[in-house]
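Here you go, one structure.
Just so it is clear, A, B, C, D, E and F label the chains in written order, and each chain counts residues from 1 on its own.
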Amino acid sequence: MIALLHRDLMLAFRAGGGFGLGLAFFLIVTVLVPFSVGPQSELLSTIAPGVLWLGALLACLLSLDRLLALDYEDGTLDLLATAPLPLEAALSIKALSHWLTTGLPLVLAAPILGLMLNLEPDGYIWLIASLAFGTPALSVIGTFGAALTVGIKRGGLLMSLLVLPLYVPTLIFGAEAARQGAMGLDGTTPLILLAGITLGTIALMPFASAAVLRMTLR
Amino acid sequence: MIALLHRDLMLAFRAGGGFGLGLAFFLIVTVLVPFSVGPQSELLSTIAPGVLWLGALLACLLSLDRLLALDYEDGTLDLLATAPLPLEAALSIKALSHWLTTGLPLVLAAPILGLMLNLEPDGYIWLIASLAFGTPALSVIGTFGAALTVGIKRGGLLMSLLVLPLYVPTLIFGAEAARQGAMGLDGTTPLILLAGITLGTIALMPFASAAVLRMTLR
Amino acid sequence: MSLWEYANPVKFLGLSARVQPFLWAAATICVVVGLIWGFFATPDDYRQGSTVKIIYLHVPAALMAINAWFMMLVASLIWLIRRHHVSALAAKAAAPVGITMTLIALVTGAIWGQPMWGTWWAWDPRLTSFLILFLFYLGYIALWEAVEDPDTAADLTSVLCLVGSVFAVLSRYAVKFWNQGLHQGTSVPMATGGRTVSDVFFYPLAISMVGFGLLFLALVLYRTGTEIRLRRARALLARRKREM
Amino acid sequence: MPDLGKYAAEVLGAYGLSLFLIAGLIVLSLRKGRRARAELARIEANKDA
Amino acid sequence: MTLRVNDLAVARGGVPVLNGVSFEVAPGTSLILRGPNGAGKTTLLRTIAGLQPALSGQIDGADETIAYAGHADGLKAMLSVAENLTFWAQVFGNSDIEPALAAYQLDPLRDRLAGTLSAGQKRRLGLARLMVTGRPIWVLDEPTVSLDADAVAMFAAAVTAHLGAGGMALIATHIDLGLNADTFDVTPYRSKSDMRSGASDEAFL
Amino acid sequence: MTLRVNDLAVARGGVPVLNGVSFEVAPGTSLILRGPNGAGKTTLLRTIAGLQPALSGQIDGADETIAYAGHADGLKAMLSVAENLTFWAQVFGNSDIEPALAAYQLDPLRDRLAGTLSAGQKRRLGLARLMVTGRPIWVLDEPTVSLDADAVAMFAAAVTAHLGAGGMALIATHIDLGLNADTFDVTPYRSKSDMRSGASDEAFL
């Protein structure tokens, strides 16, 4: 299992930096928002927490589509399925490595981007907390989506379509916590619900993903 | 050339509908916005033109990454490069079929989504005009990005990184025209500039794309 | 003897080894003198207070950020047209220097903005186009890293640099059209033919600008040498492997 | 040390960060350069051996 | 431990392909599957390797004992030859990749990225992977595609050594491998089009 | 019109692979390339097909006359056999795909999606593509991979017919194709490691 994690991280860094790129996408989405809604700083600061959450979600989503696709195409998944490692564990590892290379950097970069969107000073801590609690769920749910669409050519967009509704609860609670925090309120309730969702998905989703993957491979 | 267009369109429809999916992504991004920034309708109507433009841009972007990748992997590009068709023409056709399956449906769907975000009534015509003039540029520039990253594993995100700054002028003029329209002003100037960019890219970009593709294939 | 002969890696290494000590010395002297003069020996501005001292970092860095991209553009063209490896590698070597300069301009600007405009960041055209420049640098460097074959990487990044330059200029106008902004206009004498900064500020600023320019040159020469050595090591290794 | 008034933090921060970035760039460049030199020397030595 | 296949029926894309296949592979022996293109060899091998369910029949002795090598090699272009092998060795709980490198003369290529190998070199690496799995049964689908005569001999030697150590091999191929092994021709077992039993859409017939 | 290769040097990944290759293929004849794995056959064929530049030397008669078939077949899994062939026929300005279907006995499969073909059937479709290009020179890289004996015979018959009509063929292979053709072994032309000329990194040596 450590071997798989190690290999995935190595591939992420080597293949043009899966790591830096998730981040870059997040950066760019955030940068494009003022171009599209206009440069007024009060408006930007109102929508900042929402935009950052949406940006993080899209950055996760975009890097998902090759999470399993490459391994499928070159036959690695077939071989992994016949290996002694249970598929549930393999997929959890994949989700973990996705989070380490995408979710974690997003959490760390969010404050800087908050600056650019004039996020209220109170909001930073809530933004970081909500992203830190929420992004693991995004990776785990995303792995499920990737497993569902792995055999399908041009599966990338289909996957987005399937995954986005699954992301809705996470997004609602996460953005709510960040928004309340930015308005100087207490965002504890949504944050707790968010943590609940994350724990639940981490515990259960790998089984669904593995089941689905076994069906696609057949 | 017509054969290539025909085949690409057929593939887009058959392979799970490249067509319906670009649209679906656009829809979902638009739907997620109220969840992330909150449901106040004045706020939504202020940012509506911008959100729609940004959503269209991201939907285009997301469907780009397999524009050439699939043809590269299965050897079609090698064979096309030795075919009597000039590569510039082949890439223009690819961009055209991308626009027909992604850009055009977005233009047609935008008014409906505008409704959901409380877009001002004055804004519809400007929104549609700006999208209609702007999305072809997105497809053409995107083809260049796809050609740049085609040989690279996990090229999808790198492509986003390279393409997004190239999208900035298009986005600025497009969103500006739609925004001015929605505020009841006259958006003709940005619209003309947008059309200029579109014409320029359509005329010149295919040469850059073909040059780059020849470099990667060798 | 034609200038192009220095496009031979070995000749280049020789020449740059001879020039570099002087460059480094001159760069260090100029940067140190300019910054120390500026920091310790200039008065505060009556409006901006002591923050005016940031200008000695901000303006030279901003200038070099743009010039670095321009140099990369020229080097890319030389590579595309005459296929001199040194120029491709020089472009590759310049990019990290350029992105650092961009970052310094952005950071010092942001720090300056807080007292002057009351915000760290505003969507001012000059600031925004710098951000876009930063993105171009990032993409350029990422593309160099991602492509396996060095010659293909040089080709692809050169075309990206070309296309990127066109779009950077376009974005500049687009951004100006989009927002009028807060940032002051240019006052560098080369650009305007007159000077608007008073002499007390100007001399240290000029020295600092020269210093940054020399520092850029020295760094690029050194880094190009590194790239050449890496490339040579790679070439030797590749052949060694085939022999076995 | 000049009196920086109420903007001391900003000015010092700007100088500190910028010098840190420049120093970082120089150090990284030198380290990469030294490694490349060593690597090349090793390979060239091997060749003659 | 013997691999026993009894009255097996397999399907692909919901259509029955082979019916009533029975054979045994005992330790130390190998079996060569033959049959024209499209006969169903790949389908049969994937079923035995557990990658797809059988329509009917039994497969014994295939639990956690099989190393499968199909048309795709599962190599990462961006990892070196040694890194690729090490990864698979670790997944299967082993660590020594030297014998595998030696058997296929991959030593000179060990630091080369797998993406830059020639077709035959890639295939050799894919076959070397089998040796680091430590699994007793090798299930191989056209293993010698793209290999030159020398490499085919390396492969034959590796299989012979594996059998000598009590291993088994089940190999689908169109060419002569220079192994001395029994042959099993799947042609007589092809499903007739009027054979309805077992297909996933049987209920609709 | 003859294909003439004169003192050609080719490189892959910036490293020279073959040097000083010269041969001719006259109308109505074919040439078989041989050489061990990694010798540089694929690189040579791709250079001749115009997919990568030569380091030095001349290639005459290769302009718009070559139909190339490499390791990958350029088939779309979601298009049917007939649609795949029709597409390539149209790209090359032809329209009749029947002879190609007939030559490789693909008629019964014509409406099947290419993605559901077996490995050998896919390959047959890839080879049938050559017949719809109408190009006189076929440049083939290991064309018979995965093919069974019958299909190899179909291929040999197709090549013979093509040659009979004045075509040419240049084929890299490891196995015996049953064609009567000259053989060209690339092994003696492999670049030595001290050969510096022409490589893209020559300037660094």
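Basically, contacts are C-beta pairs under 8 Å (C-beta built on N, C-alpha and C of every residue); 3 or more make two chains touch, one makes a residue touch a chain.
By chain, UniProt protein names: A, B = Heme exporter protein B; C = Heme exporter protein C; D = Heme exporter protein D; E, F = Heme exporter protein A.
All of these numbers come straight from a predicted model, not from anything done at the bench.
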{"item": "Each chain counted as touching chain D and chain E at once", "value": "C"}
{"item": "Most remote chain, CA-based centroid, reference being chain C", "value": "E"}
{"item": "C-alpha-based rotation, chain A on chain B, 0 to 180 degrees, nearest 5", "value": "180"}
{"item": "Selected interface, C-E versus C-D, where C-beta contact pairs are more numerous", "value": "C-D"}
{"item": "Distance from chain F to chain C - Cα centre to Cα centre, in angstrom", "value": "48"}
{"item": "Cα-centroid distance, chain D relative to chain F, in whole angstrom", "value": "52"}
{"item": "Interchain centroid distance [CA atoms averaged], chain A/chain D, Å", "value": "34"}
{"item": "Chain A residues counted as touching two or more neighbouring chains", "value": "15-16, 21, 24, 28, 35, 73, 153"}
{"item": "Junction residues of chain E, two or more chains touched", "value": "71, 78, 116"}
{"item": "Touching residues (chain side chain F, partner chain E) in the complex", "value": "12-13, 35-38, 42, 71, 116-121, 123-124, 142, 145-151, 174-175"}
{"item": "Chain C - residues contacting chain F, complex", "value": "8-9, 85, 148-151, 228, 231-232, 234-236, 238-240, 242-243"}
{"item": "Chain F to chain B touching residues, read off their complex", "value": "49-53, 64, 66-68, 70-76, 78-79, 83, 86-88, 90-93, 129"}
{"item": "Contacting residues of chain C [partner chain D, same complex]", "value": "35, 39-40, 44, 49-51, 53-54, 57-58, 61, 96-97, 100, 103-104, 107-108, 111-112, 114-115, 215, 219, 222-223, 225-227, 229-230, 232-233, 236-237, 240"}
{"item": "Contact footprint of chain C on chain F as seen in their complex", "value": "13-15, 191-194, 199-201, 203-205"}
